[in-house]
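The two complexes that follow have chain A in common; it is paired with chain B in the first and with chain C in the second.
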Partner chain A sequence: MSAAPRAVAGLEPARPTLLRVEDLVVEFVTRDGVVHAVNGASFDLGPGETLGIVGESGSGKSVSAMSVTGLIPSPPARIVRGAAYLDGEDLLTASSRRLRELRGREIAVIFQDPMTALNPVFTIGSQMTEAIRVNDRAVSRRAARDRAADLLARVGIPRPRERLQQYPFELSGGMRQRVMIAMAIANRPRILIADEPTTALDVTVQAQILDLLALAQEELQAATILITHDLGVIAELADRVAVMYAGRVVETAAVGDLFDHPVHPYTEALLASRPAAVPDGEDMFQIPGVPPTPLGDLPPGCAFAPRCHRRDGRARCVTESPASWDVAPRHRAACHFWTEAPA
Partner chain B sequence: MTELLVVDGLHKHFPAPRRGVGTVRAVDGISFAIDAGEALGLVGESGCGKSTVARTVMRLYQPTDGRIRFAGRDITRLSRREMRPLWRDMQMVYQDPYSSLDPRMTVTELVGEPLRIHRRHTPFDRRRRVVELLELVGLDPTFTHRYPHEFSGGQRQRIGIARALALDPRLLILDEPVSALDVSVQAQVLNLLRSVQKTLGLAFLFVSHDLAVVRHVSHRVAVMYLGRIVEMADVETVYSAPSHPYTRALLAAVPVQHPSERGRRPRALLDPGRRDADEPASGCRFRDRCPVSTAVCRDVDPPYRLVGPGHVAACHHPGTSEPAMTGATP
Partner chain C sequence: MRPASDAVAPVEVPRDKTPHRDTDPGPGGSRSASARLRRRVTRDPLAAGSAAVLLLVTVAALLAPALAPYDPDVVDNSVRLAGPSRDHLMGTDQLGRDILSRLIWGGRVSLITAVVPATVALVAGSVLGILAGYVGGWVDTTVMRVVDTLMSFPYILLAMGIAAALGPGLFNAMLAVTVVTIPIFARLIRAAVLSIKESEFILAAQGLGASGWTTVRRHVVPNTLSIMVVYGTLQTGRMVIAAASLSFLGLGVQPPTADWGAMLASGQASLRVAPHVSTVPGLTIFVVTLAFNVLGEAVRDALDPRYVGDLDAKAAA
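Take a look at the complex of A and B:
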């Protein structure tokens, strides 16, 4: 290595940052022991930007994004280390009252399963007017209802006045997700967090919701954190991507760079193992082994080492945890041997 | 090639859950055949009836109407007792490797159970066969005394596959076999399934909602919509020259593979106001969501027609290229 690359530790990014998460460590204390959900994750979000966080189940993608909302129950969760700044305000030390205020106004969340996020015993109308009025008591009930109907129309729900009278169970999964999006954009939040927003939906409905999210974002100019296991959803919506593995962000890059020049071997393997990445009738690239369980002590070294095609038996991968390197402008990867990535 | 499985005009209706009267026609007149050694993919969205087809063919459900022939024998009305010897030749792999394996049984017991039930082997031969099967599905044969909870989802699905292969079946019915697995593990299990299909010359009925997964494992593909097969052809034809507007909508809805392709997927494909369960009373069941429907679609249920070699579609206006889809693009 002659170019002497810089290892970056919390270096200030040279562009405006709305939300910054630094070296976050979150554990869950369970009966079976300590679950290391997030092991030093760092990422940032610019105004109006869509950051896709991609990873498999248990990679820590939801926990790291949700910890900034105060929606991770503590206990059992424990934020061991790290910070999360929204415009300079530390969210991890904010009071629950302040977080509630932020969630109503500045940060909105869209969950995978709208059925669990909507209250089954209240009509769509009463839940929406409540969400609108909780932020602005000056709005009359009638005005809030008008606004709710208008929001439903904007997310493509036909006959919105009738829908306001209905209960969540009377709507299809796609319709419920539209209601969730309408509620999320109701107070024009600055940050939208969408946690697997299309995973529970059929492919034709997924396409509609992806289009709707893209439109909502265009209109709101809200910065978005999009949490997903699906690289197709990333390809559709993300501006930048953070790839998580075993509780760490192993690579961050602009979406085009990530798909064209993946540097971390996990990203490279994940892209190659998609069924569509190989011609019909050929075997897919397969990553050997399984993702590590987050339960118990963390092994030293790189969590991906046992499954890595680049490691080639080198001891450093299992003895030393790799730093996050600046591999190109605005492109970082946590691999000792990142210079060996395919060009 | 010889036809191993022939399904002809199959219906499976269930009593309506809440209304009390009427029926849900989960499978509503389905016909297809699978040759020995052939993999047929059955693809569709949730509620289209694809899993009901799998279970009815397996004779876990009693068909309401129609006929099922397996290896030349009519099995439509056979009793459980009469089916038992046939289940050696047709085995099922389930979606959820967590609930489909008995947690109190070791791997040896799980994989050896079908051999014991069908009294195929002496205990010694049985153990040898279990080791052979574990090696075949890529599991460490020294794991024989472990229990399901000691394995990951992908490994459990391998155990399920080993169990299904134990009696040398001729047909494997797979119901969403990789849908519950992590992305990085799906490829392992799909490669394994492809390899056993090829090396053992098995026939597959491969049921999935995932178009990319079906494409990878199947020789031919059937697309289901509301209890019917709306299109069926060899895999290349279905994916590169789909004829039915529903198949085209389904393919167009798949997210792009690369960010540079953004916007290539046509927006607002199907009317969001419609629920799949709102089945029209007459005519084509897709007509209310269809971008090319006309008056005839309202009145007449479209019959299958041959639109190319080995390519059938149930549509009054079968297409061969894009026109239907570009019509829906803003």
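Take a look at the complex of A and C:
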């Protein structure tokens, strides 16, 4: 799935790219065999843009985003193929030392569960000053503490000076996620990776955290990769969306395009399964079948073929892996029969 | 052992201002570990008692020359196996030596043979455990196979081997006890590191740019610290017994030097006529070991920030 056969160069205006991930293949070697987590995922991220990566559990969305940071434990993970260019530098072949330099400074990660992402034995202040100073030893402890208090105030934590004295267990989940965001933006990174930032939180707090993320991003002008399985979160925050299925990006488009004109049958089915897509009182739609197991050899055709409503028994779907087609400017989909998508 | 100075003082702790749980961090929540340890020890009578016992034994051992009423090694045939009296508060042994004096002087030997091996084993075992657990791979395999081998070695057998090779004595006894204790710490700390290594806060810290060394120093070690201290204290109690056992068997301190284990052994023959000769050092060993164990528990509670709320609740009750 390297170059799209119908690449329409010249049609798209040249767009600056901050991060470009190309044909990424990541496997996990386990006792039971090789798990194919990511099978040729490609996506790119423009400066200041928010890219939502959506997909169900195990579709490879976290692994493809996190492999950019070098934080995928290896072994068991193995990056088989692919590249991830940040300013022309391939992060997948960069030394662990170089990646460490980049983490925090250029790329910062916000994790899913704020309950476990803070070290229980240190105060908030101690951890924040550490996060600030680890990237810049020239900052004095006092200055780092002042900055930490300032950051806490900016992420909407009242009485930040007092909070700095507290341990993580004294803060609520939402507060902790605010602290994590404050730590992530402390060194003004150019890329934020938010891995399911609201999944572990109460619904009421989720909205606040999403607002805060949008605010932080606006202030930093940072590009964001937002990993989620929640289409609502995507609709709210993302500029563009990459839909992943079984380790591949099956469709990418601007968020409005994707919601209004889904081209890939999986995207179509996914949107149809939203509660909002079904009139009141009717049964909700669900995609028949289950995703393929990532363990063992990959089937040759399209991974979605067994569950696909568009396939209609055609053999090509199970014999040939679909290429990624430019279906419209800046809208790509990996389906042999994309032309059959409803207009 | 310093917090004990508070323990012997009357338990008069100023009550904290009414805590406002919802707005205020509350008392204790944001205190230093040593402050929490002090609180813990002063409010828990068992912990306070243990600290007091250990303080007493330590002070007595340090001030032995001034405190001991008699020379511990001087033989007086006129008062052999005498029971407690005004002259000899805890009686005398089969050679007429003052038991209280020997107990005080013996405390020096017993504490050293307990604390030094426990500390050395703690440090060495923790370094090995962190190395094995954090680095993993062949380092882990190598370290842990050596540890397994050492662990299957009874310390008395090792002490006998060392005594046979190098001669019996205090240092060799300590060496034997240390060598067989290192693996216990190494195993424990490795297991703790393995689980801490997988914590999300380690990944989060690395996601924000922490290096491997920073990760170990700031996140791995502090999270194993409470295990180290608690188990170190508990092991010290075990060391008291181990050292006494070796002396009892004649593999440790050589006569006439006073030592609790040796005293226990020397009273054996006269157990029927003068039970105090054995029971006094025996009870001392028991009480000191118990004190180490109880204090270990208290230290655990104090070092774990998650227990603080619990402690506050207890204090308020």
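By our rule, the second predicted complex is superposed on the first by the 331 of 343 C-alpha atoms of A that agree within 3 Å, B and C clash if a C-alpha of one lies under 4 Å from a C-alpha of the other, contacts with A are read in each partner's own complex, and residues count from 1 in each chain.
To be clear about the criterion, a contact is a pair of C-beta atoms (placed from the backbone, for glycine too) under 8 Å apart; a residue touches a chain by one contact, two chains touch by 3 or more.
All figures in this text were calculated on a predicted structure; none of them were measured in a lab.
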item: First, second, both or neither for A:F285, with chain B first and chain C second; value: first
item: Chain B versus chain C as contact partner of A:V255, first or second or both or neither; value: first
item: Which of chain B and chain C A:V109 touches, first, second, both or neither; value: second
item: Touching partner for A:G174 - first (chain B), second (chain C), both, neither; value: first
item: Broader residue contact with chain A after superposition on the shared chain, chain B or chain C; value: B
item: Chain B versus chain C as contact partner of A:E236, first or second or both or neither; value: first
item: Which of chain B and chain C A:E56 touches, first, second, both or neither; value: first
item: Partner chain(s) touched by A:G156 [first = chain B, second = chain C, both, neither]; value: first
item: Contacts of A:L192 with chain B and chain C, given as first, second, both or neither; value: neither
item: In the complex with chain A, residue positions of chain C that touch it; value: 25-26, 29-30, 199-201, 203-211, 214, 218-219, 222-223, 225-226, 305-306, 309
item: In the complex, chain A residues that touch chain B; value: 56-57, 156-159, 172, 174-175, 178, 202-208, 210-211, 229-230, 232-236, 238, 255-256, 259, 269-270, 273-277, 280, 283-288, 290-291, 307
item: Residues on chain A engaged by chain C in the complex (per definition of touch); value: 69, 71, 100-101, 103-105, 108-109, 111-113, 116-123, 130-131, 134-135, 162, 165-167, 169-170, 180, 183-184, 186-187, 193
item: Touch list for chain B against partner chain A, complex; value: 45-46, 152, 154-155, 182-188, 190-191, 194-195, 209, 211-213, 215-216, 235-236, 239, 249-250, 252-262, 265, 267-270, 272-273, 275
